[in-house]
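Take a look at this one; I'll ask things after.
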Amino acid sequence: MLYNEPSPLEVRVLTRRFGLPNSASIDTYLATDGYKALEKAFDMTPDEIIEEVKTSNLRGRGGAGFPTGMKWGFVPRNSPKPKYIVVNGDESEPGTCKDRLLIENDPHQLIEGVLIAALAVGASRGWIYIRGEYRYLIEIMDKAIAEAYARGYLGKNILGRGFDFDLHTHTGAGAYECGEESALLESLEGKRGVPRIRPPFPAVSGAFQCPTILNNVETFSAVPAIIRDGGAAFAALGTPKNGGTRLFCLSGHVNKPGVYELPMGFNLLRMINEVGGGVRGGRALKAVIPGGSSCPILKAEECDLPMDYDSLAKAKSMLGSGGVIVMDETTDMVKAALRIMKFYQHESCGWCIPCREGTTWLKKLLTRMDEGRGSSNDIDLIADLAKNMLGRTFCPLGDAAAMPTISIVEKFREEFEAKLAASRTQSKFVVV
Amino acid sequence: MTFSPKLEEKFAALLTHYPEGRQRAALIPMLLYAQDEVGAITPELVEEVAKRCGVTPLQVDEVVGYYSMLHRKPLGKYHIQVCTNISCMLVGGEELFEHACKKLGIGHKQVTPDGLFSLEEVECMGACSWAPAIQIGYEFHHKVTPEKLDELIEALRKIQ
Amino acid sequence: MADLINLTIDGKAIQVPAGTLVIDAAKKVGIEIPAFCYYEGLSLQAACRMCLVEVEKAPKLLAACTLPVAEGMVVHTDSPAVQKARKYTLEFLLTNHPLDCPVCDKGGECELQDMVFRYGAGESRFTEVKQHVDEKQWSPIVFYDAPRCILCYRCVRICNEGMGVGALGITNRGVTAEITPSHGDHLECDECGMCIDICPVGALTSGTYRYKTRPWEMQHVGTICTHCSNGCKTTLGVRNNQIVRANNRDRSGINGEFLCIKGRYAFDFNNHPDRLQSPLMRVGSQFEPISWAQALEIVSKKFQEVRERNGKFGIIGSNHTTNEENYYLQKFARQGLGTNNIDHRRTGDVVSLIDALSGASGKLAQFSDLYSTKAALVISSDLSQQHPLLAFQLRANYRHHQMKMYAVTPGPVREDKYAARSIRVEPGGELQAVESLRDELKANGELLVIFGDAIKGEGVRKLVSFGESLGIPVKYLALVDYSNSRGALDMGMVPELLPGYRPASENGLEPGLNMNEMLAAPDLDVLWVVGENPLENRAPASDRTFIVVQDMFLTETAQYASIVLPSASAYEKTGTVTNVTGEVQRLKRGPKTMGAKPDLEIFGLIAKGMGLNLGTWTPDAVFEEIRQTVRGYNVPLPVIATGGAAQTAPVNGRVPVQVRPELIRSAGDTLYTSGSLGRYSKTLSAVVEAPGALYKP
């Protein structure tokens, strides 16, 4: 089982079974209050379930942070079409590795969350879309699903309550873009992972053009606790409007990288120093990307802030997917900007012009800059091109590529200039 | 074209996982699982999967071209994927990839002449907190150092 | 009327139906929002981002092509933010676009050039290396240059949605994404070239036109395709009296952007080296070129001599000649030569249909019905192969209005792909199959019945009585083969009918011989064949017959001729033709001819040589006579003079003549054949390996 040593500062709600022997088995799950929330949900009306989720202030853990209860409420009740649940397990945002743990250590918690969502909207079928690289998780999930069928938690007449629900895993095959919900639905339907024109949103027309609840693994995994202990209890763990806990993935230059479940609003500097054991080698902190590589970077001096959606928005960044990437004073920010752009360039689906061409141009520019072949105009050009992508692309991938770039250039311009200066002193004019 | 009985069984089940008339949904899983067995997405495989999912070969080709895990050419027996994305880069992912190139004498998306190894520099594989990470086939290896990579490669050579 | 929505675009208050897209709403008030991927009638993409507009209260710019109007919406299409977005989207687009405009086929008529000119920056900040991929040839016709491609997906959509073929897709992703053909490295498709003409840039080019000329070196002549009966407008690009290309990029005519391989590429028969350049006279077993004056004198004298001794004439006209020529030819026969022995190859039973519908009005289908009907029943025609425009319109109706398609055919057809029901029948079983659809057809509340030559004579009457028994509005369309097959019937180019479907008995002449009878008659003195090849597979009944042939080529029939007169093609003359749905459209002369003359002029000169007074032989004068005298042809002149299609209204009464169903037979041409014309098209012969007819009728 992949799992890091827990921190005493953690508040373990979703990760409470992590580290238990056979934590993924249904027996362990049942022995630790498993499927109790489902039983409770059977005695609630759909409205009560949705209301409880709203009360919890749970917001989407995939990156966008949309209020979950509200999203569920958008599913039309009277639609004659079947309704579906889709779990986004395409975890691909650089710096993010939490859904992997949730599936590996506690697959039944996810299944239970899905079942409660299904009850809330009357869904009959669901799919857990898992990125292709996570093949072993598909095997774990399939095993858990088989156990759930065998024990009557999936299939016909669940728990004898006259409710039918089928659940399947579905593998991706390598595409970051499929983490975008409408692209994921295209991929689920056997097509290229190109986003859909929205509206309609998945709640109205999602998988197979039917009303669909689509949430991240972590979002669904939070639902059993919310129903079991009440939405208010979950909300109380976090800050107002930012309910509960969330899984933060500490990576980069920290002494104890790992996935830690902390209350919403946990201070970022404390997270690095107290949970993550401080910056590696006693070096000084230089910057942090707080929520996966799409988020604008924070300079060290900006890091004394609570990690919740609103505080990060105020700091002009985002909580994103919980990938906290820590960079120490030795980090080459030009290289970091290049590596991030290289990723988005590789993952751009190519559908729209600004993203397809913008990421490619920026990658070429940043490569040149990094190799010491830049010119003084290039720094402004990098920022300007990124701004020309921002808000103009077909889907948020363009923004995801633009935002970190703009922030790195703005906040670490001197590093770009230093690179230029260094290359000027090194190079001589060469007559070809 | 037929597959092993186990895979055929899997495919038969797979086609029941989607609403009636929407069997195209099985396309991507089918391609990936078939590639695992066949070794590459061959034109015959494209035809076969198209037939089974009720689409045209062109519609399959479109999908094959899109997903980075689908390969038209065979990979090595052991496909070594080194992540160099930001979290891994910060702790030596790029150096690890360079080391792998030297060790195997091949570059990105190349295969050793004996067909044993292939190498790919890949994007974030979801092992950021245990970086630098690699995957050999579908198997994860965490906190990989150049020495550890050498050991892994040597061990695989021995199995072979 | 749908709910109306009020909104403001660039300060102009407008009212449009709910659901209208902002890009279309803007067009209504004369505001153009630029776009590459948006293409009216095809699915929405929102990919090119050129149409971003500013909407008050929206946090960012929105794509006008996918934005439905909303009450009180305030849109700015030319604000500084919008201008900037356009400028920089174009800058992005040009980063990988090779700036090879000086040698690019699209140069001068390229939408990207136009956009950059209007909205782009004067300079580029891009100094990196461009992505290069080599150009590919996918078929004799289609070439693809990926670096020029801007990925607007118009080609993919027109092929898939418009043509129902689906031969183009998208492969790879990101900056390496490109269009890919159906079969790995090559295309297997209709070779219609729709993808090429719909391409806004020079990414898709045609083997027939590429690198031949600059667009501004051509004259652009809008005329009507001379191949099948559907009557597509085609714009010829003419340089130095040669047709260099044909397209319909201006979406004019009844066909909009549609053209099939024949309309777009099979103009090349016109430049074929075998075209006859001068009159020929048989001398022994050889032909010798003679002058027009000599040839006309010989023919006139012979005709004069035969007429004077009351000899026997046989006249066979064409499905491709103009209404004016057909009218003049039958007048020549009847008034000039005193005979009803005039016929042409009949390809569909329009006559029985008109007769069966006598007394009922509005029952003959018009072209617009194809796009508006709630249901269509296609009987015994491989529509996509034989009547590609009709098939295209029905597909559009299905896409846009969910029309119900029913196909009753002997073999599989493309219409099966979207048909509500497809029934396979043996010849003769059609009406029984149709009967089995009775309840379903009735339930649709409206029906368009389209039938091929398998339904004729009594079959037409039975079909009409079936249709009329449904109790819903039903319209009918009898399919015919060629560009003026319908006009040939309308103009009375049959022994039993005068122009306007009046019985020939009215003229007091003896009943005429039909084509088979003429060809079999041993005592025929003169056989005059105009643009037809009746002796393709048979010899003349008598070697005494003086045979005059007017044609573009030395056909099998011409080989038997005493005199061969080289005629101009439809692209070399003016006049009108009537399409399968009865719309009259005007041909416009493209290239000038050197040796050949339009058939009408030849008729006039022969008449003159004989001293006959059959009236002025200019197309305009003859058409005026047609308007005055032929029932249903009193169409408004301005409509056709401006390149429009004018609906004819054939007689609404009994046509009391004996129709000979055995004479009616469609040639069963496919997309790649066009009677004897097709043989002289290099393009059509180049793609014979492409899938041909799905079945032979």
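We call the chains A, B and C, going by the order they appear; numbering starts again at 1 in every chain.
The working rule: a contact is a pair of C-beta atoms (placed from the backbone, for glycine too) under 8 Å apart; a residue touches a chain by one contact, two chains touch by 3 or more.
Nothing here was measured: the structure is a model prediction, and the numbers come from that model.
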How is the touch graph of the chains shaped: line, ring, star, complete or other? complete
Select the chain at the greatest separation from chain B, using centres from the mean of Cα atoms. C
At what distance in angstrom does the C-alpha mean of chain C lie from that of chain A? 55
Chain centre separation (chain A, chain B; CA means) in Å: 23
Suppose each chain is reduced to the average of its Cα coordinates; what separation in Å results between chain B and chain C? 51
Multi-chain contacts only, two chains or more: what residues does chain B have there? 62, 66
Touching at least two other chains at once: which residues of chain A meet that condition? 175, 192, 346-347, 349
Multi-partner residues in chain C (2 or more other chains touched) are 170, 172-173, 177
For the complex, give me every residue of chain B touching chain A. 17-19, 22, 24-29, 31-33, 53, 55, 62-63, 66-70, 84-87, 89-91, 123-131, 135, 138-140, 142
As the complex stands, chain C meets chain A at residues 44-50, 52, 59-61, 63, 66, 85, 88-89, 91-93, 95-96, 125-126, 128-129, 131, 150-151, 170, 172-177
Of all residues in chain B, those that touch chain C in their complex: 43, 56-59, 61-62, 64-66
Chain C touches which residues of chain A in the complex? 175, 177, 192, 197, 345-354, 356-361, 364-365, 368, 377, 381, 388, 391-394
Provide the residue numbers of chain C that touch chain B in the complex, in ascending order. 166-173, 177, 180-184
